[in-house]
């Protein structure tokens, strides 16, 4: 029972701190671009403001349009509850393994795209079409990452995976280098960041995700934004858990949890830095260059798989 | 294998007749005039009748006399007479069939004789010289008559060829097995008769529908259309 | 066994009823479909009974050959498929009366429909009950023939006739392959009862031949690439409730036949077979979904998705064969269970989707998605059920499609246990293809639901569509609920499939369900676990809490309705929406080589009314065709025509040539024998 | 006056009677009545054989056993149903003025005459008489083929006459050789030397060289009438140009009878070869049959694809099926033979049913050209569905009997010649495609404007199809017993 309680707390912590990560990255980017940066907690303000506003819904839409944000947010929360943030072996982590985790995002995306089509605007259709295309290309790459890791650790369950990496001590695996890179690329694509998408613009040619949420307003928009920030954070934590899990609380105790929290915070901050730098140095790709980008990710994943089979198992 | 001069006289007679029958079928192959064709055919029938009679005499089988008479009446007299009447009524009396590669046909005929001899050879073990040759000869006659049917475009000559085949069979039956059972003989004779009559009917049907007796004109029903 | 026999008996009864009440009014219609429904219930009951029976139920019918009466057998495998038939048949017979109402005044006698539907169902039920080759073939062909008549039901359209012919032709060819397979088995075992075949000593060579024949024969029926061509033609042609039966059940009967051959009749599988099945499955899955993406005829699209899902099923079967051959019965069981689970799932959601398409067709007489849109406002009930179907087929949690696909992935993850390094390196690639397939399927059904039900109506018929009657709604609702139930209560389902695994590969998944109904742990708890009920609860909870916290605010300022913002471009019209073609365009660009694409844009400038105002009309035409037609089917047809022309040369029509024929034949014959 | 003689006398008398009756309105009824009486007689005959086994007539001219008695029954039955069908059909032809009083007299009289010759051929014990009967069958039908006096009809008749005549002449040569071989044996009266019974009994002693030679000629001769490729050329012409009832009986019965003759002879030859297996391959006759059968089967199935005339289409399908049966008899062995016997039955039932429907269809459309026959199901559902289902049956779809026999045949082949099943299956597929690609447009779709419903009598079709369906679902025990006895006669070993 206590376990469940802890799990609930961790989940709450997770989604609560998600906007923080977004704000942090934003701040870093501004810093790198010599711009005056908004405060780190700016995202919280935005969310609060959006929740405060009242909702305008297009009259061409149906109940699905209003249901979607809750489903998206619910999926995000559920996903967050599965990923070990500060402590492993919480009961919720058994609800789903990595594959299911990916499926949660797919579910959210499914409803997002439908909602985009609901209003019947050209933008919505455009966004939905592009989003589904890119997602379906990202999926196999992601799976290969998961696959390689799972074959190494013989599990797809995140907590167990963490155990495996911890238990094995620090092992330098050629396959992990490849798949870590692949995971990063996929994460960028999935969370709609540069070079695949640019959340900051409203230009028809550049936007994918934004095109889908054009019609949303008020709390609906807030939920969607929040869900996206959570998603970004989940990918970050996923990366951390799989490849650099050290410091995470193994047995539950106040000290361990504190250490775990600090560790994960540090690691995420660093990841954020990496992301910010990459986004500043890179330019957005044309839509039809994205397949090449994801194909590269896929190839990395496959290389990881091969190097695992050939070099590590023999 | 015994040579000819040790054979009894009637065997020699049969062999002579066999040779003559064979000759007639060659003659059929060579003959181009309608009337000539029919005449030769009649002669062939006559020779058959003679052979039958000779066999009947030598073996003393009564019923062979009957079939000899039948042959004479049917093959030598009635059918030729009927055919000639058709020729006259169809007004093709003086029609001459142009035969392409006449010599070639005759050589092919000769080859066929050799072939049938070769086919009949294995039977030597179980029969006297006479019967073996009889079978060889009759087989030759059958094949030659088929060759006749193949080379002629005139419906009437095809009929003659058809009848000549029957002659060959009959020759085989008479010489090698001394005739078939009576009931069969009669049945065959009846069939031949009916066939002859029906052919007559068809000559006129043909003339009415395609106003000619040229069988090559009968090529409406075909599959390779393109 | 009597109950099992009751099912086909009732189906045939409905046939007779259909004969007795030609041009039947409502009463006759309900009688016919009522009998079908009863037959479905009987099948369901008998099937479940057979699934859990310790010893297979045997029986015989005084039919068939004098020395070989029809042998019947109801073991877990046939029980499973029998209950599957029943499961789909019941909703379909709910759907039927309403759907066939419009045929009464149509030009085709509905009696034909009733008669052959009954026969069709009876045939399928007898196939799974058959225990000897002769009865199997008879039932199999009855099934094919009856469904042919159903496909050709609306024969005034040339397309339907063509589809029917293609269907029957390919079905026949497939049946011949199966027959040959049986022939080889019977030759080995010296008997036509399945028992004799099982008992037979099978050399690997002959066994492989049999397997190849079975894969071909049942593959044709199941619609594996490249022998799938009939499927996208035939399913749209048939009336929708029949399409639901064909796609939902008939393909499964083909799967049954394959399983019966590969796992039961053939004693020891070779790992090569597994690879073959896996390959066929992967190719079918990927190509199926890619072709589906390019369709804008709703029923055609669904048909292509059948190809895809059959592919997924065969992937599972292939893995199972692979593991059986390499002596890992537990994993073999896992693969088999995954495949069978997906079988039942596909039956459910594909039937649901076809019924939905039928409902739309019934009320709007539209099959072309480009003419639809906004139907969610006109027919909300159908829309909801259809949405459930879409989520399920896109393999999204917590619905049923996801569970089976997840199990398949779990099986894939165990390939590290195989001894062959090559396979270990290649199989992940297949898994990645499967992932790609799943994602593309999701994209495709976003397109379907979005274009058909959302946005603005694109044609008059659709604008005036009305919700369908109670029976048809009930049918869809029933299937939708089943989709959810099979998704949420995965553990009991896996438990139920255990006897089949035990019978076929000698192992069951006790450990998979060891931790109670909440937790599905296919390999081991620490390896992977999934709890569908909690997922459902979690999403509901999270979403629910938020919406409750906003309750007050919603009361203060209610949601305001306004015309869409659309980045400020005003004047939204139906023609400005993304069409199905447009939606799939990026994917078409990316996977271009897969299809045979003809795309032309012609602009005609008509100068109506002077130079200043000349309108430019741009006409855009796009044709996406199946490459396999050119690669496989047309050459065969051409070859047959060529040889036919050659053969007919001997029939010259000139009698002297004929005489030469017989003359030469005689000479040759004489020469031969001496 | 026992059933056997009655079976023969009735049609003969009927022929004469109808010749007298001529073109009276009740001629068709007389025709039906005589056929019915013949059927009754043959049923009695069949029951007799069923009880007391094989029987010979006094004088041993006729011989009846399980093999030919069921063919007799079949012939009488199809003869009756076809007579029933020919009533409305010929009446309609009469209205269209295609036939006159004289031809009607000829038609009815010859119809019975034809039945008589076939029954005689089946029951005759004397191979010579068998030959005479078969030749007479040609003579009886040749005028019926040219009944319509169109150029095509006359041409077809002429080809039929010449080709079958030449062919049958070869058969006579073969018969003479048989007689020759038999007659050498001591202790056989020349009068009884040609009796099949005698020969079969003495087969072991007959000289194989002569018999092989004889078989070659007999195969060519009777094979021409069976319609084996490349001797088949007359068959499609004769079937397509004559009146449809004739096509039905030609296709459904005459071919069977000719095949029957071949098999009877094969039994003797096999006996002799088996006894002299040191110098000859005992399977020689069988191999010849297999070769011809396979050739006919495959070539005919290709021919199906290039047809334009509906009756030609189905006559080629007849060639295909005769090829299949010939092949089966060639394979030998109980299973194949059983299958072949069954196939004889179901094929003649189905094929005659098809010709009945096709005849009506041609009258509906006023032409036999398939391009002008469209949408039969709309114009006259009974005909359309009859044609559709009958064709499905002939294409070998269960639950119809044709499938059963093909199933047996295939499995028998699989046991003795596994690799030959491949061409067989390909051929079946090709043949099916050839049939249905032509059939479907005729029955489905929209009818052309010049199609009008006619007065039809589909009872024969229904009865035939019902029987075929019955045979497909379950072969009744007595019939199975029959076939088995026949199989025992032919191959020496049975199945049951």
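Residue numbering begins at 1 within each chain, and the chains themselves are lettered A, B, C and D in the order written.
As a convention for this text, a residue touches a chain if its C-beta (ideal position, glycine included) is under 8 Å from a C-beta of that chain, and two chains touch if they have at least 3 such contacts.
Quantities reported herein were computed from a predicted structural model and do not represent experimental measurements.
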item	value
Chain C and chain B - chains in contact with each	D
Whole-Å gap separating chain A and chain B, where each centre is the average of the chain's CA atoms	101
Whole-Å gap between the CA centroids of chain C and chain D	44
Chain centre separation in whole Å, for chain D relative to chain B (CA means)	31
Centroid spacing, where centroids are CA-atom means, of chain A and chain C in whole angstrom	35
Junction residues of chain B - those touching two or more other chains	119, 122, 146, 149, 215, 218, 220-221, 223
Residue numbers of chain C (touch at least two other chains)	645, 648, 651, 655, 659, 662, 666, 670, 674
Residue list for chain A, restricted to those that touch at least two other chains	none
Chains touching one another, given as label pairs in label order	A-C, B-C, B-D, C-D
Touching residues on chain B, where the partner in the complex is chain C	115, 118-119, 121-122, 143, 146-147, 149-150, 153, 215-216, 218-224, 226
Chain B partner contacts - residues on chain D that touch it in the complex	61, 126, 128-129, 131-132, 135-136, 139, 142-143, 146, 149-152, 154-159, 161-162, 165-166, 169-170, 172-173, 176-177, 179-180, 183-184, 190-191, 193-194, 207, 209-210, 213, 236-237, 240-241, 303, 306
Complex contact set, residues of chain D against chain C	158-159, 162-163, 166-167, 170, 212-213, 216-217, 219-220, 224, 229-231, 233-234, 236, 284, 288, 299, 302-303, 305-306, 377-378, 381, 392, 395, 397-399, 403-404, 407-408, 410-411, 414-415, 418, 421-422, 425, 428-430, 432-434, 436-437, 440-441, 444-446, 472-475, 477, 480, 484, 495-496
Of all residues in chain C, those that touch chain A in their complex	373-374, 376-377, 380, 383, 387, 391, 394-397, 402, 406, 409-410, 412-413, 415-416, 421, 424-425, 428-429, 431-433, 435-436, 438-440, 442-443, 445-447, 449-451, 454-456, 519, 525-531, 534-535, 538-544, 546-547, 550, 553, 556-567, 569, 572, 574, 576-578, 582-587, 589-590
Of all residues in chain B, those that touch chain D in their complex	119, 122-123, 125-127, 131, 135, 138-139, 142, 146, 149, 155, 158, 162, 165-166, 168-169, 172-173, 176-178, 180-184, 187-188, 190-191, 194-195, 198-199, 201-202, 205-206, 208-210, 215, 218, 220-221, 223
